[in-house]
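Down below are the structures I want you to see.
In what follows, subunit A forms one complex with subunit B and a second complex with subunit C.
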Partner chain A sequence: MLVFILKRLLSGVITIWFIASATFLAMHAVPGDPLANPKAVSEEIRQNLASRYGLDQPLPKQYLVFMGNLLQGDFGISFTQKNRRVNDIIREHFPVSALLGVLALVIATAGGILWGALTAIYRDKWPDSLIMLLVVISISVPSFVFALLGQLAILKLNSWLGFSLLPVAGWGSLAHMWMPALVLGLGTMAYLTRLMRSSMLEVAAADYLRTARAKGLPGRRIFFRHQLRNAILPVVTVLGPAIAAITTGGFVVELVFAIPGLGRYFVQAVQQLDYTVIMGTTVFYGAFLVFMVLAVDILYGVIDPRIRLVGAGGE
Partner chain B sequence: MTTAQAPALNVENLQVEFAVRGGRVQAVRGVSMAVQAGQTLAIVGESGCGKSVAMMSLLGLIPTPPGRVVAGSAQLQGRQLLGLPEQQLNRLRGAEIAMIFQDPMSALNPTMKIGDQIAETLRVHVGMPRREAWRRAVALLDRVGVPAAAERANQYPFEFSGGMLQRAMIAMSLACKPAVLIADEPTTALDVTIQNQVLDLMQELQREMGMAIVLITHDLGVVARMADQVAVMYAGQIVEYGSVEDIFARSAHPYTLGLKQAMPAVAGSGERLAAIAGSPPDLFAPPPGCGFCERCPYAMSICQRTGPQLLALDAGHSARCWLQHPQAAGQPAPVYRSEVQP
Partner chain C sequence: MIKTASIYCRLGFRAWLGLALLGLTLPGLGLIAPQAGAEALDFEARRINLAMSQEPPDLNSITSTDAVSGLVLDHVLQGLMTYNQQRQLVGGVAERWQLRDDGATFWLRPQARWSDGRPVTAADFVFAWQQAVAPGSGSEYAFILFPIRNAQAINRGQMPVTELGVKAIDAHTLEVQLHQPCPYFLDLTAFRTYYPLRSDFYQAQQGKYGAEAANLLFNGPFMLTEWIHGASLKMQKNPHYWDRASIWLEHIDVPYITEDPNAHMNLYRDQKIAMVDGLGSDSLEGALQSRMQIKSFLDGAIFYLEFNHVPGRVTANRHLRKAIQSVLNTDDLVYKVIGSPGTHPAYTIFPRWMQGHRDLFTREYPPSRPVLDAARGRHYMELARQELGLAQLPAINLLADDSPGGQKVTQFLQTLLQQSLGLEVRVDMQIFKQRLAKMSAGDFDLVIAGWGPDYNDLLTYGDLFYSENMNNRGRYNSADYDHWVRVAQASLQPELRMQAFAAMQDLLFEDVIVVPLYERGRTYVQHPRLQGVVRRAIGGDPNFNYARIVAPLDGQP
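For the complex of A and B:
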């Protein structure tokens, strides 16, 4: 198991290096640089930055310097925000995004499993058809549409109630989080619902469920201990990519709901060609995703004993 | 245990149908059978003849809908099984009547420890506390010949071989000492040496616990070895029923003869096996006459028109064939011939 984790960590580091290099090249391939706009930065900062990051140096040299700083965990200083270190930007704003993401993921997973199990139980009856229709809508409509519809719904709700039950936008309390987290998790929830449904139906036809019935187990026990647990396995596998979908989707939702998350800085930085912020946030997100996928794989091993042994015995 | 006692399982006129698009398939068409405690009844027949469906319908294991028990009765130690509400049926399944299946690799839950799966039966039926049920599960595994049972109980199905899994299945099904064990092709998925061990084990446990076994198989070798009584099934009906000697030495139905001729013999190796030409009738629309007459070398004109009843030949031996009718004398009857070797 330890060897498995170490191996995965090593390949994760290589992945991050690749992300960093690709981003670096793509960024420099874009015409212009962060110092091109004289208003954005003063002359002395420009001098400082140019000498510290060697923007006047040839590209391979810059790459080496950048990698050297990265290895020390230093993402550098923002080009556009005076004296603001990228590490600080991440430290201050990532927790907001992470909290939103985790909440969205919890909603998506719990909802996906619940709706998926329901559609399987009511297969080909009206609850199944209704939920599957909503699933198709949730997968095909982009999240910014739902974000706006969500805000509209909150407005209507508040005016109907006569007091403000949920804030329309902003950040600060749990009440702020529900709607953006729901919107953010909706696509993933729909996807997981579909996956869970087919997985439940597959398990329902399995020989071991017939065995469980032949043993005379009560229906509830068969459902939870034998069917649900086995049906969840494929859902856990896609949690890694699901986390990726939710984090990247977060940029849009954060903008619409005016949430001070990392996504906003990421988008802004790309618009302003803020090299250090682009690099910092990209590498950070990359590392985060690699880590989450690894965490999901370990979790999968805990749930499915077959994977556990293969992981350990494979060495 | 005398034969005068009520049979452990007594099935009468069982009829099972499956609703399909545009009609119904009559999978089981009036099957009656009985098996005494401590005895083994083998049900033989080719794929699709309804042997598994008949037994699974007793346990409520056929998917309903589309499946449905149309008529019949099934008494387990005098208690009616058919039509029981789910809750009462659950009290009997796994406790009084248990079932093991063909493919042990897929018949056990892949994400649950073997020991837990055995203990689960005890906990649900006997209400045994967790620890005690686990100890009992280990003892059962040991009893069915799983080596290092205490360790193996902690393992998952994928860590077991096929033969060991079938032993675990047997341990699980016998945990509550059922009166009847239904074994649906328990050795078909296993290789020959393992088959033997598993069959030995089943006989041994039968002697020890005195349960009745209903053995579903298409392997006449297994039948000869295990069975006291044999029911030969064809197209949803029993075509011949009798003791194992009746079936092998005094076969009275052309289909039974055909099955025997299709059986490979070590002595005659090198010869082509005699296959029964043709295929069974479509049970979507069963023929008015005998289901076998299209393939039967002895078919007469009456066979096309009217299906025969089960005709009693000797005590306990009966065949569903016009050739056995008293008025069929003079016909080229395939019965009691010396060509037949037990």
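For the complex of A and C:
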């Protein structure tokens, strides 16, 4: 187990180094001048700026400086958020994205398992058809549409009630979180519902279920003990990537609901060619994804004893 | 096939549905709390709520360049001069002043205070201005201090900052030496880069000045008391501000920061914010449908079609430019393509609201308007072709960026020039930063450029085509035009200066330096009970210094 984790960690470090280098090269290959502003500046003012950010150095030197700082865990100072360290940006805004992401994931998982189980129970009946229709809609409609509809729904609800039941946008209390989290988790919920449904149906045909029924176990017990528990496994598998996707993919939701998450900084940095923020957030997200996939692999072995991790040493 | 449903007969469908719904709504239950201070206006607390499009990127007044930071800075800091509610230049920290050919003297108000209670002194201006021109600060607006003696040499690193032509005679007398006569110097001292900084406080922040609310000191009507990055900021009336009696508002809260215009509109509809600024076409339509009162004002930005005048470019040919001028119908562009209320066609580089000598400048010197005539345009095209000695004019490229508004204008121009002149236009579409880079490098034939004013003088527009101006991206170079710019720069006689601007305006038309397109109108909606908000092109916009809330009538929200 330890060897496995160490091996995976090493390959994770290499992956992150590769992500950092590729991003660095791609970023510098993108046309455009990060210091360009609508108002022109004289050559001397430009020089002053360039030397402040180290952009007057040759590219290989800039790369070495960046890698050196990265090893010390320092991403430098943002180009557009003056006087703000990229480390501070990540430290202050990632928890917001993470909190929203976790909440979204809780909703998505709970909803996905419940709806999925429900469709399996009412297979080929109208509840099944209805839910599967909603699933298809949820998967195919982009999240900004749901974000706008969700916001509009709150607005209509508030004006119908005559007082603000839920805030339209903003951040600060749990009341602010629930609609954005629902919108953010919707796609994953739909995906999990579908996964859960097929998984449930597969398990329903399994021998051990027939045995359980033959033993005369009560239906509810068969369902919870045997069918649901076994059917959940594939859902756990996709949770790792899903966590990463949800916590990093909240850009649109953060924008619409005015949430100070990291996703907004990430996308804005790319638009504004804010080199240090692009590098910082990309490397951070890369590391996060690598870590999540590893965590799920380990968790998988814990949940299902049949799975032995490769490289864990002979039994 | 196993009949799955039969197994769960005891757990009915309704129970399942209930369970599923519970799973969905659980996080929302019991979490609905009434939020204090969440309403758009609070008459009792004298508070307004606003939303911002983005986080202020730079609250250090000497390096700040953008409008969002400016909105905060212009409420929390004040320069020697400032603009009042009627948009007139009046004394800020300065109580009296005297402008001469070679310099200026400012006598500071003894009652002007920093937010920690200590007096604002002449030394605070000396320090701020020295920092602004110091090469190490990397201030992009250092140029705005160049009228001060030695400023440019210091910024080039050729002189120490102590050589800057500004001295504190005593705590409340500031003496400025000018590089050459500067008729608009008083206006400059109202600008952000000229705001004071206190050296002891500035240096104690160790390079983090302006990074957080706690890293700032204030001498303006308001103080920034809370700043949660990306989420919210709060401004509160400054109890030490010298003119606090004329400030009615106690709180300006910004609980929402998002670029999404729909979110702003929805917050406004939900009565959470008092204003939505800069309505896009979608928001505008929605606002019209809900019968909101739409307001608009000219924000000072002027847009024009800029030509590359560098020899060798086809656009360096005057007849080609004349041809384009003869067919470009700016009325069509503004009313049919842009279609934003408040935006006006432009016929000159000088906006219609700028003062001349005794009246508005464009009233004193009405700009010439081109006769729109496609046949004449084609005639000019033919002349251009002969002068250039070409069998056929080559395709010219139009540099543009990928903003939705820009694309509409680009398509209009492309179609127009192709259809009425037979001139093939290739659109070179770039991301914003790359468009800027290509503009600076002179890598274009045509580009739609825009300009916003820095100070309240016609020169901020007029010197755009001065041969040495970095913003003259088309590199127009005319001894005539340069002469008039120098007259306007150095003369203290208003009449002579106006004649110089009129001469620039004539050259602009005759030589087709650019084709003016439009003056941008900014549309917005504002809570009907919020009054006294100043919208302006110069001096920081919008301004809430003089804003007040009208008392609610019974039964009115």
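In the analysis below, the second predicted complex is superposed on the first by the 288 of 315 C-alpha atoms of A that agree within 3 Å, B and C clash if a C-alpha of one lies under 4 Å from a C-alpha of the other, contacts with A are read in each partner's own complex, and residues count from 1 in each chain.
FYI, a contact is a pair of C-beta atoms (placed from the backbone, for glycine too) under 8 Å apart; a residue touches a chain by one contact, two chains touch by 3 or more.
The structure presented is a predicted model; accordingly, all values stated were derived computationally and were not measured.
K.L.:
Once the structures are superposed on A, label A:Lys61 by its partner contacts, choosing first (subunit B), second (subunit C), both or neither.
P.N.:
neither
K.L.:
Should A:Asn230 be classified as contacting the first partner (subunit B), the second (subunit C), both, or neither?
P.N.:
Only subunit B; A:Asn230 stays clear of subunit C.
K.L.:
Using the superposition on chain A described above, determine whether A:Arg91 touches subunit B (first), subunit C (second), both, or neither.
P.N.:
Touch partners of A:Arg91: none, neither subunit B nor subunit C.
K.L.:
Where does A:Val168 make contact in the superposed view: on subunit B (first), on subunit C (second), on both, or on neither?
P.N.:
second
K.L.:
Go through the superposed model and pick first if A:Arg213 touches only subunit B, second if only subunit C, both, or neither.
P.N.:
both
K.L.:
By the touch definition at the top of the document, which applies to A:Arg221: first (subunit B), second (subunit C), both, or neither?
P.N.:
In the superposition, A:Arg221 touches subunit B alone.
K.L.:
Identify the partner contact of A:Lys7: answer first if only subunit B is touched, second if only subunit C is, both if each is, neither if none is.
P.N.:
After superposition on chain A, A:Lys7 lies in contact with neither partner.
K.L.:
Is the number of subunit A residues in contact higher for subunit B or for subunit C?
P.N.:
Of subunit B and subunit C, C contacts more residues of subunit A.
K.L.:
Intersection of subunit A residues contacting subunit B with those contacting subunit C?
P.N.:
210, 213, 218-219
K.L.:
What part of subunit B is in contact with subunit A in the complex they form?
P.N.:
Residues in contact with subunit A: 59-61, 86-87, 89-95, 98-99, 101, 103, 106-112, 120-121, 124-125, 156, 158-159, 169, 172-173.
K.L.:
Note which residues of subunit A are touching subunit B in the complex, please.
P.N.:
Contacts found on subunit A: 206-208, 210-219, 221, 225-226, 229-230, 233, 303-306, 309.
K.L.:
Going by the contact rule at the top, pick out the subunit C residues touching subunit A in the complex.
P.N.:
Spelled out, the residues of subunit C in touch with subunit A are 2, 4-11, 13, 16-17, 19-20, 23-24, 26-28, 31-35, 38, 51, 54-55, 57-58, 60, 63-65, 135-140, 142-143, 155-157, 207-211, 228-232, 255-260, 262-263, 266-267, 269-270, 272, 430-434, 436-437, 440, 450, 469-471, 473.
K.L.:
In the complex, go through subunit A and note every residue touching subunit C.
P.N.:
Touch list, subunit A to subunit C: 31-34, 36-42, 44-45, 48-49, 52, 80-84, 89, 92-93, 96, 103, 106-107, 110-111, 114-115, 117-118, 120-123, 125, 127, 148, 151-152, 154-155, 158-159, 164-175, 177-178, 181-182, 201, 204-205, 209-210, 213, 218-220, 222-223, 254-261, 264-265, 268, 271-273.
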